[in-house]
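Below is a structure I'd like to ask you about.
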Amino acid sequence: MIPRNLTESTWREVRAAGERGIALLPIGSQEQHAAHLPMGTDTLLVEAVVDRATALLADGSGPELVRLPALPFGHSPHHLFAAAVSLGAATLGAVLDDVLDSLADSGHRRVLVVNGHGGNDEIMRLAVKRFALRREVTAAACSYWTVTGGEDDGGRPEVTPGHAGWFETSLMLAAHPDLVRTPVPARAPVEPPPLFDRPPHPGLTVERHGEWARVGGSTDDASAADPARGRRLLEARAAGLAGAIRAFDAATR
Amino acid sequence: MIPRNLTESTWREVRAAGERGIALLPIGSQEQHAAHLPMGTDTLLVEAVVDRATALLADGSGPELVRLPALPFGHSPHHLFAAAVSLGAATLGAVLDDVLDSLADSGHRRVLVVNGHGGNDEIMRLAVKRFALRREVTAAACSYWTVTGGEDDGGRPEVTPGHAGWFETSLMLAAHPDLVRTPVPARAPVEPPPLFDRPPHPGLTVERHGEWARVGGSTDDASAADPARGRRLLEARAAGLAGAIRAFDAATR
Amino acid sequence: MIPRNLTESTWREVRAAGERGIALLPIGSQEQHAAHLPMGTDTLLVEAVVDRATALLADGSGPELVRLPALPFGHSPHHLFAAAVSLGAATLGAVLDDVLDSLADSGHRRVLVVNGHGGNDEIMRLAVKRFALRREVTAAACSYWTVTGGEDDGGRPEVTPGHAGWFETSLMLAAHPDLVRTPVPARAPVEPPPLFDRPPHPGLTVERHGEWARVGGSTDDASAADPARGRRLLEARAAGLAGAIRAFDAATR
Amino acid sequence: MIPRNLTESTWREVRAAGERGIALLPIGSQEQHAAHLPMGTDTLLVEAVVDRATALLADGSGPELVRLPALPFGHSPHHLFAAAVSLGAATLGAVLDDVLDSLADSGHRRVLVVNGHGGNDEIMRLAVKRFALRREVTAAACSYWTVTGGEDDGGRPEVTPGHAGWFETSLMLAAHPDLVRTPVPARAPVEPPPLFDRPPHPGLTVERHGEWARVGGSTDDASAADPARGRRLLEARAAGLAGAIRAFDAATR
Amino acid sequence: MIPRNLTESTWREVRAAGERGIALLPIGSQEQHAAHLPMGTDTLLVEAVVDRATALLADGSGPELVRLPALPFGHSPHHLFAAAVSLGAATLGAVLDDVLDSLADSGHRRVLVVNGHGGNDEIMRLAVKRFALRREVTAAACSYWTVTGGEDDGGRPEVTPGHAGWFETSLMLAAHPDLVRTPVPARAPVEPPPLFDRPPHPGLTVERHGEWARVGGSTDDASAADPARGRRLLEARAAGLAGAIRAFDAATR
Amino acid sequence: MIPRNLTESTWREVRAAGERGIALLPIGSQEQHAAHLPMGTDTLLVEAVVDRATALLADGSGPELVRLPALPFGHSPHHLFAAAVSLGAATLGAVLDDVLDSLADSGHRRVLVVNGHGGNDEIMRLAVKRFALRREVTAAACSYWTVTGGEDDGGRPEVTPGHAGWFETSLMLAAHPDLVRTPVPARAPVEPPPLFDRPPHPGLTVERHGEWARVGGSTDDASAADPARGRRLLEARAAGLAGAIRAFDAATR
């Protein structure tokens, strides 16, 4: 079954597919990604993973899919110091509630939100919980970097996903090489490293006022980013997402 | 000056352009458009007009532009009976507030919201008013069908814009012919016509519960829609928007 | 049928009339109207039009009417620089929601909101749309200056309604001459004229921070305001509103 | 100093008086008052008390006063079973916040809210507390029946104020005899009496679902209501309010 | 019947008791209480009264009780100048709504909120009113100092309850002597006394910005506080609350 | 330095300690924990861990601590089918915002929220992020089961923490044996296991409507719970929390 774009489908097509299949909602962000990556990096990457994953399922091996347009804006208040376009947490939560309720009103019973931006994570998880409590649906959520096929994909887990560093830059060199400003300059480690990225104790989250500005807007050095490894990383996430969709379908059919 | 896509630009590029130029935010919808047009019609058409208008200004005759990604979802509660994906009025207002505030935080001082969906109109107008009250900015707004170059564009004002009728179908035949399901079936006039479209007295707005479902989801017969006239209508709106951008720039430089 | 004031009626009278007739809710404002008109001008004028319109219908030629007390406060944030008493947009929307829901709870099925203040317009339109979506009612709305009997009423459309200018002053000289501070001083045109009143391109709304204070709080010269023409203007709106009520009744009986 | 109506004053007059004087905001309700009193009883009575009190102060013995138009709607959810027009508690709180903030923005430093409806009481008290916390103002509040000149006014404290009973009916016979449907029918005591009116233990508030409907919408027998005693009761409240205004002025000048 | 602590009971025990009995919710505050009393004074005292009252009922003479854990935080914005931990009014209202709705969802039909802090009073009363309107329950509320057994308890009504003065200090010397910093220093009367405590006219509430800071955080001299009288005061409230619970039970069984 | 209870301290003591030290806010829940554990299990366990951790730091080896009273209620909408007392997500977020802002207003610059209930996790993380963005503070958060001293504590990670299963029951047998109803009955595994606990693919969150009721309210068999292992588990968390507090202090001094 070829994945169906909601934007390009008529309402009767959407309703019919929705009752049988799974709706996919990608969500991204517009925020600073240092001097070498574009503002839309998170949106572009989640779309790249979803595109590849749905292509892997287009052979009919998976469930019918209705792909919604990506929400191009996310929750990025920590990047407003550097030209982000950010939705407040309550606003993003309300957008997700309204979109999910609309889907339930239209007969969809299974929805998967695929996220491209760390700052959206908790808001997305709360939204799918709320949704499954108030409607008779099954709702799933993931951030694209957390789903892999399980194989060794040559990554560097210690900087995955990071922000505007080796991982995201490698992926962008694979998915949108023309949008990466090269050569990517090397960056010395920041001392001390940002508390949000390297908490002082396992299991502890620490948020310090002004930390993103202090560390210059990225988490790690991106100068060694590599398009070939980016391709492997991207394919592993696409395969992982395709597998997750199949598993979600099997568990909830 | 080539219009700049915010999604593809780095944050420093956006900030520099924002201080000099005008930010453009297209907003659309995902909602039923009868059996022959896709859910994303309003988003696709506002993007088509903005694309053509910015191309007309790409010769340097207009101001520097930063184009934001279109908001693909709008306020369509009256189409929830037929598979819309709708944001509540408060949610859409909050999205516009947050996006506009983010732009002001990033140094933008002039913003233009271009709308593709009638149901967004009042919410957009309230949002730009609020924005200009709370921030030191100048904010503009229009719906794409209301700005024309002024010339006779061969339209049929009595059904412009309507919904899923002659006007929108003609535009879609011009902009996205592959997404129109043809032949477009004829539709007999609904009697009485919907009160929201034909109020019983000039100057009076009337909203009746269940009216959209009663009239079948469109305002007028689309079977005579015409790609050639659709092209003229589209070009007139693009020229009108380009002219509006130039005039906005001139009045607020 | 003599129009019934809700304030002066018992609840059983209101309930009985509400099931058969139409509820009328006037809404106004308290805001600066230059040095010659009182703060309550918009409220006083909408009440004057509603009074005259209901008197025209008191011969039994129209539907049964239940007139609510006017909401004396409106949305005037742009006049807070000059002693307005303003409700926020969310507050005014909530007031309308609560009043309209109360009416529906009491058996009213048809409601008409009549507005006296431009700043209330979008909020009122959104409120009646919401109301007709969530309740099984038919809801109508107009601003008093937009409904006329259609005849030439000797007006000056280029300054109608404006704010604290020729139109409103003429009406006040007709309706409440004792409340107009005379002689009304002449006012030189403001250059450039305010963007909210004279947008730089047709179809474009432009809101500039601080514009009302810059132009001194009124839109046009009121010194030639004329009580005789004010009476004609007022009677034309009253006749128009009476006609709109009859038409609303006929279309929704 | 003659009390000044805000509605009839220009903005400069309001601003000048506001800086020196006290702003008065009456608030009322529209709700069932049994079969013999009109919906607007609470609004009409608070206006009657304020009118008489300001007349007592018009000899210049008190402070300059700016009287706002009465808010005709209050918080009456317990009367929605019988045709009330009610604002939710959050809505009424927001109206008071916005009106009070507007006054502070316009230079008022002393405000007195005078209430005519029991259901508004806590909301009004919370609003004036909030106001005095966030702005550099002094804010006062009272319900009209609680301020008396202290003399024996021939009342019946055990049914004062009650609802649609002896007290309110006597006042209406004094203030608006034409709006009282007479003869007022006798009403047998309800057994058990309503818990909200006669709590089972001193100091305990008890609210039981459906209690207002069970007891028929009034608290006590109104058939012995008496215009002469109504006049004395009304004059005592007017004198009390005038005294309260003088005392407020003296304590905060 | 031994009162049951919700915290220590299983859900089936709570559900069974809730259907038959009365749920008790104590609410307190954390706020400055001058230099001699701890921040949690209001919470500690309401718990002390509830403990003693439920002990009086433990002989089976009263209804089955389910005691919820005390809400340790209250609405204390007027004490934020001095280290309060305060919930906003909307937040506290939402907490009460959610707790009360949870109880109704679990089968409780009778709830009593017992308050230890004056600043919570109106919010609590509004919450129980809302609750009884939207759910089929009976809800009661009191502040602990207002319920007494009726006997002369040797109090000083003119300073009861006050804040951090003779009354509260006497109670704390009885209930938690180790938490009172002694000797309690004498305090000269503040001139003029705070308007919130001594309004300039009976029946008038007056709130002046900055008043709590001006008067130093307490309402009266606590140096003569007395543990023996504190014990009598405390026992009288406990007896009063036990009586109120019996009366509530009898009236609503 | 002995940890200081905010409830028992005067405001000047709190303010002085707050400027130097770290504020600790425990948050819990009241919700069903099967037939053998009490409603307050999460609150009791987070308090047990915090008690033991602060005792470990009472030798002066750690920073000055101000311990707030535990918030006894949490976000448990998924347990409302079985007698939970739950705060909505927005309500709990508002409580945390208000408490954290109060602390910042009082001079606290470092705060640690320690959580005892899985359903609070995302709400707590969002709250500390918001707090560190809007105030010049450093805020930390953890759930008690995620901080350990690192040593092998004899646990069973595959069921840690679970809900009302082996882990929580073992801890309660250690901390509050009198509150555990014994013998704890064995429970057969639920097939299929709940999707929220065992997602069908790594990295995927799945929420299915009605899942908690379907699986009977617990995640795993608790019949083998063991007080001795419970003590080791508890001590490991207490040591871990003490270590996390020291590390937080060291990183932010």
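Note that the chains take the letters A, B, C, D, E and F in the order they are written out, and that residue 1 is the start of every chain.
In this text, a contact is a pair of C-beta atoms (placed from the backbone, for glycine too) under 8 Å apart; a residue touches a chain by one contact, two chains touch by 3 or more.
Just so we're clear, the structure is a prediction, and the values are computed from it rather than from any experiment.
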{"item": "Chain hops separating chain D from chain C, counting only touching neighbours", "value": "1"}
{"item": "Copy pair chain B, chain C: interface residue numbering same or different (half cut)", "value": "same"}
{"item": "Degree value of the rotation bringing chain B onto chain E, based on Cα positions, nearest 5", "value": "180"}
{"item": "Separation of chain D from chain E, taking each centre as the mean of its C-alpha atoms, in whole Å", "value": "29"}
{"item": "Mean-CA-position distance for chain F and chain C (Å)", "value": "56"}
{"item": "Inter-centroid spacing, chain D versus chain B (mean Cα positions, whole Å)", "value": "49"}
{"item": "Junction residues of chain C, two or more chains touched", "value": "90"}
{"item": "Chain-level touch network, classified as line, ring, star, complete or other", "value": "ring"}
{"item": "List of chain A residues in touch with chain F within their complex", "value": "77-78, 89-90, 122-123, 125-126, 128-133, 135-143, 146-148, 150, 192, 195, 199-211, 240, 243-244, 247-248, 250-252"}
{"item": "Residues of chain E that touch chain F when the two form their complex", "value": "6-12, 14-15, 18, 30-40, 43-44, 68-73, 80, 82-88, 90-91, 94-95, 97-99, 102-103, 105-107, 179, 181"}
